[in-house]
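Letters are used for the chains, namely A, B, C and D, taken in the order the chains are written, and counting of residues starts over at 1 for each.
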Amino acid sequence: MAFNPHIVVIWATALATLGVYSVLYRENPVSRLCEHIFVGLSLGYLLAITWTENLLPKWWSPIVTDGQWYWIFAPVVGFLFYFIYSRRLSWLARLAMGLFIGTAAGQSFRGLYPLLWPQVTSSFKPLRATPSVAWPNVILHNWLFVIVLLTVLSYFFFSVRPETKPGRVLSRSGSLGRWFLMIAFGAMFGNTVMARLSLFIGRVQFLLHDWIGHYWHWLAQKMM
Amino acid sequence: MGKFDHANWLLTLLFAVMSAAIVASVLLAQRGRSMFVRRIPGLSAMEEAVGRATEMGRPIYFSPGLGSIDITTLQALSILTYLVRFAAQQATRIIVGTADPTLLPVAEESVREAYTSVGRQALYRAEDVRFVSGDQFAYALGSVGIMAREQTATNFYFGAFFAEALILTENGRAFGALQVAGCPDPTQIPFFIATCDYVVIGDEYYAASAYLTREPTLTGSLAGQDAVKALLIALILLGIGTVTVLAGHAQPHWLAKLFTLLGV
Amino acid sequence: MWPLSLPLAALFAPAHGRALVWRIVGGLAASILLLVLANTVLKTRGRRALIVLVTFLGGLFFTLEYFLPVSDRWLWPAHPGSLVLWLGVLVGAALAVAGMVFSTKLWDSLRGKASLALVPIGIAVAIVAYHFARRLPARIPNTEGAPANFLTPWIEPAVIVLMVVGSFTVGLGVHSLVQLHGRTLLRRRAGWFNSLAFFVAMIAMFAFALLDFYTETPPKMPAGVLPFSKAMNEVLFTGIYQPLISATFSLLAFYIASAAYRAFRIRSAEAALMMVAAFLVMLGQVPLGSWLTHGLPQSGPFAFLSFFRLERFGEWIMAWWNAPAQRGILFGVAVGALAMSLRVWLSLERGTFFSQQPEASGEPSSAESAGQP
Amino acid sequence: MSETPSTGFWQRLEQIPRAYIYLLLAVVVIWQLVFPIRFEMSPSPSSKGVYDAIRAAPADKLIILSADWDASTEAETGPQTTAIMRAILSGKKKFAILNLVSPAGVKLADARAVAVAKEYNATRGLDWCNWGYKVGTSNVIIGLTKNIPGTVKSDSAGTPVGKIPMMAQVHDARDIGLVIEISGSAMTEYWIQFFQGVSGTPLANAITAVMAPGYYSYLDSKQLQGMLVGAKGAAELENLEGRPDRAMRIMDVQSWAHLLILLLVVVGNLGYLLSRRGNR
């Protein structure tokens, strides 16, 4: 029963792509079918790779091949989660969740400096000209950077009463910070457009070149 | 690999100071010191958003993002429990779609507990906390399918979102749902702003539960966070001052040593 | 050598054949016994304390590894002092947590205040153990020059353990989806054929992905031809699953266009600012933008005008307006996450998350009466 | 759809239904892919820097292409890699591919190298080779500065370095003329820190547009000789080479699609402003 899947793959790809695109018109029976197939495939694939990439090499092989019998405790902890369906034993599920939640906190503490600190120290920018950097450059770059950073940061103060003196300063610089935030968000929006468009261009290239172009060579040549 | 593989003594000390500020502030608030929380625009609309679903007699969809059990997603669940308690009192259904099987039991447990805490456990339906898909885009399409079939009146998006965010919100908007979104990571905020009615930006996300519940523990924590941010600003200003004074000059020995410790 | 380490080493040594089976059975029996024991002995408060303790220790391990001094001799497990230290830290931590649990639960009562005293006592125990451990002679294993402390070698195994444990929860996801679609299918509710498609897709993908994994391609196949299971996996994965991902991802091109159209209105100053920034950055990215401003001089007295060439101007906005704003957000978020982590780790929150009383056994509530079939 | 029915012309411009916008975009993209209309472009200084760095690299020294990407960023990094390989081979220089990030990316870069090598009649093992994926990031880079054969050991197909003819003269960083880092992740810092900073070997990079803003300061400080930004950078390099190809073509489509979106926004605002005025 061996066969060459190439042509089936091309057609399946084309139909799946068009099926998903039908959602652009509105949510419809075809897109709904695609959605269910998609969810089913993703679950089947998740199950398969859970075995082949995680459990087989990291759990089954150590037990069976290397004789590390103590890995048998891993499923015991894992199956504690399933006690959530039991009324009387659900606290055992919470025990397992507690372990994961605690670890999440620990990981977050570990991530604090690698994430935050380089950004703090690289904000130490000199605010005056030097022989190698002229004033306009310093103002257009470093001054701007520091002002935007501090005003935006001041927007994220929540517990200072606005009628106090620091509160008044914060609410003023904070509203300036909000303007800067909007500029930043606009820039991020604009910066993403190209990447998103290229995804669609890639799909169109497939449809016109590899699918229709497979049968209509004029089009394939036009597309290079 | 990098400079921040492990903390050195100075960074450890700094971490201890930051943590102590937050914990101390929490303990103070728990003892009864009242803490102020300023108005946060996106969050004052939460009850209105739930109310809309109640009025229309339609359910609410809540997406906790793609995260597994991590801090961002735990905060999303914390917001979720608040919403469930509020909606349960008005007998409005909330459907939760998760993208991670490990998160699913945690979400189920917090939702069930939220129902129990307001005495509406009879309203809890196990099938309302669902696993949609572990794949980013299957999750997006699956969630859109839920919104379409259940005709949700309000959609909440709180958690870790990536490229799929715009697929969710643009469709939710097309279905005419009122949408509120919040995400600590800035990359998807522009798209939330473009497509949602209310957006919670950056740290407002972590302030949300304090703002909504006014629980002393949380408002205390918020005040502690502000203190830590003030400390960060002070540090940055100090750093800027130092490099400005020294611009074009050689660093003195002690400063170079300090900067090494700080990982500059 | 630790007095305990010899029998322990023997117990945890690799086992094969019958010895392996017996140890697995023994391990399972021991864990079940332990769980049953915990369930019978522990009542409401004990259970809560245990959950809090497990949460705390889970976080403590990862935190300590990061913050403990690296390459410190007396902290290595091969070293007799480390046993003292381990015990001290464990007992100290347990005392501290117990103190916190009881005190936050019973803040107002006299007993609550008294139990808070356990916190400093716990810390003191740990410190004493630390100093005692320090005095003992040292011998540290080779760490190949990488900065490490005695916990570092355990980080990778711990992460793997968590990954493996987490992998077993995949069944919960399956349960959720199968229940939902199974019900639709069995009761022939509207859209039952979609649920059927879900089942077919799931089972087929799972089966053929596994078959593909365990099948070898015979060497004498014509080019492109694959054995049935591999070919089917190719059709399902490369032909349907991957294209569904790319097609859904590429929907964003349409959505971003329509979002731009509807969001960028000069309704408010904020929206106008967003629009202008987006315009400039968008133009700077494509040849159209370079073409619009290619006339601006790059040398001569008006060379400074080249700053306004759209590709450069767009980059300037990204690097000097967008970057600091994102950094400001990041600082706030990092502090917010730190606070959330602390609250979760120390179980400081009550009621917001599920940290209320777990029900003691034998007191069924009506919570589950709805929903479950 | 929830859009309320509109009345006046301006109001209708303000509320173009989604489906029309989607259709317009699809039409513009398909039309431009089949019948392209080109915008002339002038290369940005950062792209020119990459081109000049490749031309300035001594012909007897090796160029390392650290192609640290995989399918997830191929839309941008793929064309960059092809354009860079062309620029190298057209100048009769040699390159070695390396991947420090993703084992899955090795094959993709290899396929591109094979295609480009065919165009220039270049031979694997003489003009180019693929070192494959190496584990250890910074340790690999540090190793390369001191002992290249010892660090690389074998190529992606498992051939020992000793049996690759072009590697006979390559011992350490002094035999490297240029390093080009191509990725969608922050790998450039490692090369600056552990290679360029140590040996002084010229370094250039090619990165996704999202990553670009972080690297301009390295360009200013000359730690980077040049930088290709996204697909646009690839197109500019193709142009500098005098061979506009796929990347250029995609950039043309991009220009038109961007123009469409900008026009839509303008039209929407016109509708918004003028319908307000009409009401007053």
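By definition in this document, contacts are C-beta pairs under 8 Å (C-beta built on N, C-alpha and C of every residue); 3 or more make two chains touch, one makes a residue touch a chain.
The structure displayed is predicted, hence computed values, not measured ones.
A.B. asks: Count the C-beta pairs in contact for C-D and for B-C, then report the pair with the higher count.
C.D. replies: B-C
A.B. asks: Taking each chain's centre as the mean of its Cα atoms, which chain lies farthest from chain A?
C.D. replies: The chain lying farthest from chain A is D.
A.B. asks: Going by C-alpha centres, which chain would you call the most central?
C.D. replies: It is chain A that sits nearest the middle.
A.B. asks: Calculate how many whole Å lie between the centre of chain C and the centre of chain D, each centre taken as the average of the chain's C-alpha atoms.
C.D. replies: 32
A.B. asks: Averaged over CA atoms, how far is the centre of chain B from the centre of chain C? Could you give it in whole Å?
C.D. replies: Between these chains, centre-to-centre, one finds 16 Å.
A.B. asks: Can you give the whole-Å distance between the Cα centres of chain B and chain D?
C.D. replies: Taking the average C-alpha coordinate of chain B and of chain D, the gap between them is 35 Å.
A.B. asks: So the centre of each chain is just the mean of its C-alpha atoms; given that, what is the distance between chain A and chain C in Å?
C.D. replies: Comparing mean C-alpha positions, chain C is 13 Å from chain A.
A.B. asks: Provide the list of chain A residues touching at least two other chains, using ranges where the numbers run on.
C.D. replies: 20, 23-24, 26, 32, 34-36, 38-39, 41-43, 45-46, 81-82, 90, 94, 100-101, 104-105, 107-109, 112, 120, 123, 146, 149-150, 153, 156, 181, 184-186, 188-189, 191-194, 197, 199-202, in rising order.
A.B. asks: Could you tell me which residues belong to chain D and also touch two or more other chains?
C.D. replies: Residues 1, 18, 22, 25-26, 209, 230, 232, 254, 257-258, 261.
A.B. asks: Pull out every residue in chain B that's touching 2 or more other chains.
C.D. replies: 7, 15, 71, 74, 101-102, 105, 109, 134-135, 137-138, 141, 174, 186, 190-191, 193-194, 201-203, 207, 222, 225, 229, 232
A.B. asks: If you look only at chain D, which of its residues touch chain A in the complex?
C.D. replies: Counting only chain D, the residues touching chain A are 1, 18-19, 22, 25-26, 29-30, 33-35, 75-76, 208-210, 230-232, 246, 249-250, 253-254, 257-258, 261.
A.B. asks: Show which residues of chain A lie in contact with chain C when the two form their complex.
C.D. replies: 1-6, 8-13, 16-17, 19-21, 23-24, 32-52, 54-55, 58-59, 63, 66-79, 81-82, 85, 87-92, 94-96, 98-110, 112, 115-116, 119-120, 123, 136, 140-141, 144-146, 148-153, 155-156, 177-194, 196-197, 199-203
A.B. asks: Please name which positions on chain A make contact with chain D in the complex.
C.D. replies: 24-26, 191-195, 197-202, 204-205, 208, 219, 222-224
A.B. asks: Help me check something: in the complex, which residues belonging to chain B touch chain A?
C.D. replies: Touch residues, chain B against chain A: 2-4, 7, 11, 15, 35-38, 40, 69-71, 74, 101-102, 105-106, 108-109, 132-135, 137-138, 141-142, 144-145, 148, 171, 174, 186-187, 189-191, 193-194, 201-204, 207, 210-211, 219, 222-223, 225-226, 229-230, 232-233, 235-236, 239-240, 242-244, 246-248, 259, 262-264.
A.B. asks: Give every residue of chain C touching chain D within the complex, in rising order.
C.D. replies: Chain C reaches chain D through residues 253-254, 256-258, 260-262, 264-267, 275, 279, 282-283, 285-288, 290-291, 294, 311-312, 315, 318-319, 322-323.
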